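For clarity, chains are labelled A, B and C in written order, and residue numbers in each chain start from 1.
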Amino acid sequence: MSAPGRRTTRGLAIKIQESVFSKETYRGSATVIVLLILWETAAQLGLPVIKNIPPLTSVLDAFREVIFDSSYWGSWGASFHRIFTGFIVAQIIGIPLGLLMGTSRFFREMTLPVFEVLRPIPPLAWVPAAAIFWPTREMSIIFVTFLGAFFVLILNIVSGARAIDSRYIRAATSMGSRRKDIFWRIVLPATLPSIIVGMTVGIGLAWNTVVAAEMIASRSGLGFMTWRSYVTFTYPLIVVGMISIGIAGYISSGIIRLLGHHITPWLRTN
Amino acid sequence: MNTVSYAMELPGANVANPALSSRPSVGKLSIRDASIIYDPEGVHVVAVENCSLEIPAGEFCVIVGPPECGKTTLLNAIAGFRDLTFGEIYLDDQLLCSADKTTPPGADRIVVFRDGALFPWDTVLDNVIYGPVVQGKMKKKEAREAGEELLSRMGLVGISRSYPGEISCGMRRRAEIARAMMNDPKVLLLDEPFRAMDALTRTVIQKYLLDVYDASNKTVFFITHDLEEAIFLGTKVVVYTARPGKVKKLIQVDIPRPRDFRVLSSERYQDLKEEVIEAVRDEARKAIEADERKRA
Amino acid sequence: MQTKTIDVKAMAEEEISSVSQAVLRSGAKHALTTSTPYLAAVGLLSTLAGWYLLCEFFKVPYFNELPGPVAVAREWFSRNPKFGLSIYTPEYYQHICRSTWRVIQAFLWATALGVPLGLFMGWEKTFKDYTFPVLELLRRIPMLAWVPLAVLMFPGREGSVIYVTFLGAFFATTLNTLLGVQSIDEVYLRAARCLGSSSRQVFFRIILPGALPFIFTGLQISMGYSWFCLIAGEMIAGEYGLGYLIWTSYITVAAPVLVIAMVTLGFLGWVSTAAIRLIGRCLMQWQVREMAQ
């Protein structure tokens, strides 16, 4: 029968084959290819606005050169270091704090207004204040990265924790759970999806913040590299920098997504 | 809630001569050897197999059967949401769907959906008049007046300016029936419409639907898994087999109309109920065994 | 057979609004008897007090470089400010207007382009197949990485700052609109077709209102992103504006001005998202009333 057949590896291979060579892939790739061609021709033809963008061919050449340049990979390292430090600190502080705020009404009503007041201030606006406060530039950039990821995480956790269906807690209590059982076995797993969402949005925000902070206030990293290419008139490297940042961001969110997938097996049933 | 009856005047009812109103001329459904197969080239799941059913105009026909047996699929085919793989369906002797043709969904065979489909962003009145306005049959102003009139004739007073989210579930379902009736359909298709309601509201709405039926004499194609509801409402009860679905048994419910809750304690009702239960239980057991086999 | 018309008790329009007002009024009075606003006040005041103590009173190292609330207030509300910026100086408002105007432009462009695009992508699958992958690829590049390229593309600072701000808002709006269309329960589409709607009518009477809640959530998010990108753009490449103000006050060591600008930014961000929420509430009356049940 074909229905059980879907579960074999051959069935899976057919499924992958179908999705890779599907109509959607062809159409999507078609647009991308068309746009790339347009980019190249427009740059060569000197159309307004686009003419200032370095043409595709020069970007590819720059890429080829830069891959062998160790300082390029050094930039990757510097940016990743900041991202992960700031991001992980935000998780370490944010997750327990968020859970506390989500579960304790007293605590939440005291602290949430403070958060709501501070949150609209864009993280980048904190850069000068951070530069004054922290002894090193590096720490101020990490601090600003931390801020962006932190606020998003807190808000997601709080809304997730508050949305837990009280029936689950009642069911647990009627089966004889103590306070700490309820926390570890009900509250934490139920809030995990919101934590993952907070992390996913947070990493995107963190990349934006790091890149901008590097452009403003640093001498290393992918953002700095991109900005410097503008200042030193090596324009193709700008696009190289942008694409590199994009790839780096994609890798980071991929890691988060994998992590999320692993931690929440019960959401995989779809 | 009271269980009084609404004396309605609806399209199709002839108040001066009630006898005339019991002979409608439209809405005859004829299903001949219909089969519906999902993904015929691939997974090949047979949902409906060689189903043949004749529903004369103005009959209240109820389909019962185990879950996942193809009843909703058949309804979707009549409504135009699904294609037939084999066979034909005729409406008033005109081909409605076949393997080569699917008439698109339309107001001649309106569906009342399981969990309700009143548009939450429109008021009840705007919902009710949606059909005629959108089809261009009436201008908005006259449609509003006609809609208000219909709502009051159907006993739904005072909710025309409310949003569906503001009124009770029972009220919502009644408004949805009103929305369907506003379009004077040939066939009324109802897919387990009262499933999500509590038992008390359900009894009221069942009676309401019977009043609407008595007053308008529409052909009704009603799907349910509640056997008591089936016998209480229907003129004919069709018992469906487990997948692949086909007609297992036809039971004529010869309890006279108009019916009310005294019917439920009558002898005839009890006999019919036993008959239906026997037929369905067999199929339900087969469905459960098939599911267990699939998972083993 | 008895006949009786049963009328549902329903409130007239005027009654509904006055009842909800009464509920709100009693709600507010009731709220004052609970602990909520008091706890909030405690939280905010203790943060303020902490700031003061750390920066100005005890002058804890590292913290003492930062301006405390007293210094900020003195600058902000004085008629003759030491660093030239207070609520009495026109420059303050000039910076505010410049930034706000840029955000408004970028946001309006992003909404005008993003909402129709998202609606259309949700409506026509073929269109989505062609356009979605490109959008996803471009979205991967953090918006602020565009700044140098934007400065190249749009000679003159204004265009580049608005462009970067626009980008951030645009992606958020489009994707949320798309999500909104996809989240519409199929049942409503089927009901509409049953009732005889044409494609165009389904689009305007079902898809558009149905996606509205998601669209407005997306607009709030994109407003937040707009301010985020604007500040970065202004700090890197702008003249005038609050971001530029923050950066120059850092360089000229005018620390209180820094804080004034930050607080003003926070306030503007909050007001703009609140305004969108309000507009959303007006347009989506059905949600408001449902929640009042």
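Basically, a residue touches a chain if its C-beta (ideal position, glycine included) is under 8 Å from a C-beta of that chain, and two chains touch if they have at least 3 such contacts.
Computed from a predicted model, the values in this text were never measured in an experiment.
Path length between chain A and chain C in the touching-chain graph (shortest route): 1. The chain with its CA mean position farthest from that of chain C is B. Chain C has its Cα centroid nearest to the centroid of all protein Cα atoms in the structure. Top-ranked chain pair, ordered by C-beta pairs in contact, is A-C. The distance from the centre of chain A to the centre of chain C, with each centre set as the mean of the Cα atoms, comes to 20 Å. Averaged Cα coordinates give chain A a centre that lies 50 Å from the centre of chain B. Residue ranges on chain C touching chain A, taken from their complex, read 35-36, 39-40, 42-44, 46-47, 62-63, 65-66, 126, 129-134, 137, 140-149, 151-155, 224, 227-232, 235-236, 242-243, 246-247, 249-250, 255, 258-259, 261-263, 265-270, 273. Interface of chain B with chain C (complex): residues 2, 4-7, 79-81, 104-107, 109-111, 113, 115, 117, 119-122, 130-131, 134-135, 152, 155-159, 161-167, 171, 179, 183, 258. Contacts from chain A toward chain C in the complex involve residues 23-24, 27-32, 35, 49-50, 52-53, 106, 109-114, 116-129, 131-135, 204-205, 207-208, 211-212, 215-216, 222-223, 226-227, 229-230, 235, 238-239, 241-243, 245-247, 249-250. On chain C, the positions that touch chain B within their shared complex are 1-10, 13, 185, 187-188, 190-198, 201, 205-206, 209-210, 212, 284-287, 289-290, 292-293.
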